Amino acid sequence: MTQPQPPQETAAVPPLPTPSQPTPVPRGERPPLAALLEAVLMVAEQPVGVAELATGLGASAREIERLLPRLAESYVDDGRGFRLRHVGTGWRFYTADECAPWVEGFVLAGQSARLSQAALETLAVVAYQQPVSRGRISAVRGVSADGVIRTLTARRLVEEVGHDPETGAILYGTTDYFLERMGLRSLEELPPLAPLLPGLDDLDDLVAP
Amino acid sequence: MTARGGQPEPFVVELANFSGPFDLLLSLIAKHRLDVTEVALSQVTDEFVAHLRRLGDRFDLGQATEFLVIAATLLDLKAARLLPGALSEDEAEDLALLEARDLLFARLLQYRAYKEAAALFAGLMALESRHVPRAVALESRYADALPEVQIGIGPSELAAMAARLREPPLPPLVATDHVHLPRVSVREHMIAIIGLLRELGGADFRTLCAGCRQTIEVVARFLALLELFREGRVSFDQEVPLGELIVRWIATDDPAADLHAVGRGLYGDDASYGDDGPYPDADDIARQEAS
Amino acid sequence: MTQPQPPQETAAVPPLPTPSQPTPVPRGERPPLAALLEAVLMVAEQPVGVAELATGLGASAREIERLLPRLAESYVDDGRGFRLRHVGTGWRFYTADECAPWVEGFVLAGQSARLSQAALETLAVVAYQQPVSRGRISAVRGVSADGVIRTLTARRLVEEVGHDPETGAILYGTTDYFLERMGLRSLEELPPLAPLLPGLDDLDDLVAP
């Protein structure tokens, strides 16, 4: 998942038939800086600062500083549905204001008020293992916890409570709102886990990347 | 053999009538383009041993194991084709044996196909991982507009969920049942029954099954009895309803002389075991089996 | 989590990071459909189907179906760092293939681990034979599939899809997320197994011993 290397080439395997498959491009043919900025900001979860962009992309901060407002402007000029904005600590993609009513309608229509099974499971892990990092949650559930943590944070059931002193990873815990919604006065009132546990640590069938 | 696993080099066979990768040899046999009886398997094995020696440190246990399984199957297949009727005069039985071996071979090939598909999947996933999907926190103006969340479960359910997530998976087991399927021959059980009846004259089903260790053997004895009954060699006597059912030898000829004739039609398509006639009561059999 | 909202843009000047309340925009001045699609897909957490887009935006599915590939194409033609792709059951924003090596540095955390060989093989059996029971998977692979099925289920690649009407055994199939991870739109795009399985494509009667 994380390797930039092209997929294993195999003579025995027939050519991939899917129309959506791009040809892997070896690193070297460097796309223009504007494209790299678009790519990184498209998937960044937090606003990204110019310094971080410069380091990550191996470009000068000055050039990036010059380019980003231009890019932002071009989206306005082209009447796109998204905007690039400088907010607080850095730059981030947002929806365009004039589209907001439709986006809101769309979000509300698709949003179930109930938590998904994945969200519930993650909530259970956070509640009993807090403070806990995303990595640890992912290890327990065997699947990346990013999306669900995002949902739980947005729903104010989970929040950042600090950083791991060794790795610097963000640690998560449950909120007072969580206790309120569960009808508990404190975390001590959570039912003890011990009688439910068989007592072995979990192994996984996963191969490290 | 497959692309994954970094196998150092494929095993290539050099024979009088074939030269190329071992894989291809298998494909040809599977497609009936090459008769397994024309393949010098001893030579293939010699070459494989030489191949392993050549690899030295790069010896791959996976490849060696796979070769062993495939070679054993091929050997079985070839032996069966070269020795028709060695076990009995009945051609139908040989056919069944051949089919069973073909099936085993087919299953091997099927597994290999899935292994290749797995390599393909890994490739597709690696390709797709070059595209990172946008998945970011909802802008607060939309998040704030969402209705209040329903958790939907209480503290005890949450605890059960947390406990379940920490449950260790079952320890990995190496299954061996795929190495050989237990083969039970009804014919052998017919012979055993004839032997017993010759000795005892008559016996109930429990006695006839005394030496069986597995359920499948009891089933085979039961089928053997039906077959013997169909051939008119045994009779079933039951004095009272649900009473003890006694099997008796009624064939006029000497039981020993029947050994060769036994088993006719067992694997044929004629599946009707007698038309009328008293069958052993099913409940009776079940009771005896359970005891 | 809560980003201060910049004021509405009035001119082509890059917005300044002024924290302020989001100003509700009166619905009515409807932006072009392309912009609305861009905006909605910008907040989507998973691929969005055409039908859902049509309902949410009050536009015809046909028009959306016509517009999306064009939009996607325009990003490619303009050499943008992002792509609009039809993967799994719908459309979603992704980073461009050629930017992958640079994007990785920013999103490394939380990437899912690679699947083990056993998991990949099991996934292949499920994909091609679905709906399929554990017993049948075990029969093909020659070893118990229980542990691997659990892993694949936890990673949302495989799910229960029903029960065998005769034996009552749980039947498994692949998920939409599986399609996403494979970059496929539907199971029909899976490469045919037949070329990999010379002359023996109908072995359906192979069952567990």
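We just call them A, B and C in the order they show up, numbering each chain from 1.
In this text, contacts are C-beta pairs under 8 Å (C-beta built on N, C-alpha and C of every residue); 3 or more make two chains touch, one makes a residue touch a chain.
What you are looking at is a predicted structure, and each value in this text was computed from that prediction instead of being measured.
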Let me check something: if the centre of a chain is the mean of its CA atoms, which chain is farthest from subunit A?
B
Work out per-chain C-alpha centres and flag the one nearest the whole-protein C-alpha centre.
C
Note: subunit C sits from subunit A at a C-alpha centroid distance in Å of 15
Centre distance in Å when subunit A and subunit B are each reduced to the mean of their C-alpha atoms
47
For subunit B paired with subunit C, centre-to-centre distance based on mean C-alpha positions, whole Å:
38
Name the residues of subunit C that each touch 2 or more other chains.
1, 3, 22, 42-43, 45, 82, 85, 87, 93-97, 100, 103, 107, 111, 114-115, 147, 150-151, 183-184, 191, 196
Multi-chain contact residues (two or more partners), subunit B:
4, 116, 119-120, 122, 124-125, 127, 129-135, 137-139, 141-143, 169
Touching residues (chain side subunit A, partner subunit B) in the complex:
1-13, 16, 18, 21-22, 24, 39, 42-45, 93-95, 100, 103-104, 107-108, 111, 113-115, 120-121, 123-125, 127-129, 140-141, 146-147, 150, 153-155, 157, 181-184, 189-193, 196-198, 200-205
Spell out the part of subunit B that touches subunit C in their complex, as residue ranges.
4-5, 27, 30-32, 103, 106-107, 109-122, 124-125, 127-135, 137-143, 169-170, 172-175, 177-178, 181
Along subunit B, where are the residues that touch subunit A in the complex?
2-4, 23, 116, 119-120, 122-127, 129-139, 141-143, 145-156, 158-163, 165-169
Would you pull the subunit A residues touching subunit C in the complex into a rising list?
1-2, 4, 14, 16-18, 20-25, 27, 29, 31-32, 34-40, 42-44, 47-48, 56-57, 69, 72-73, 76-77, 79-83, 85-88, 92-103, 105-107, 109-110, 118, 134-135, 138, 141-147, 150, 153-154, 204-209
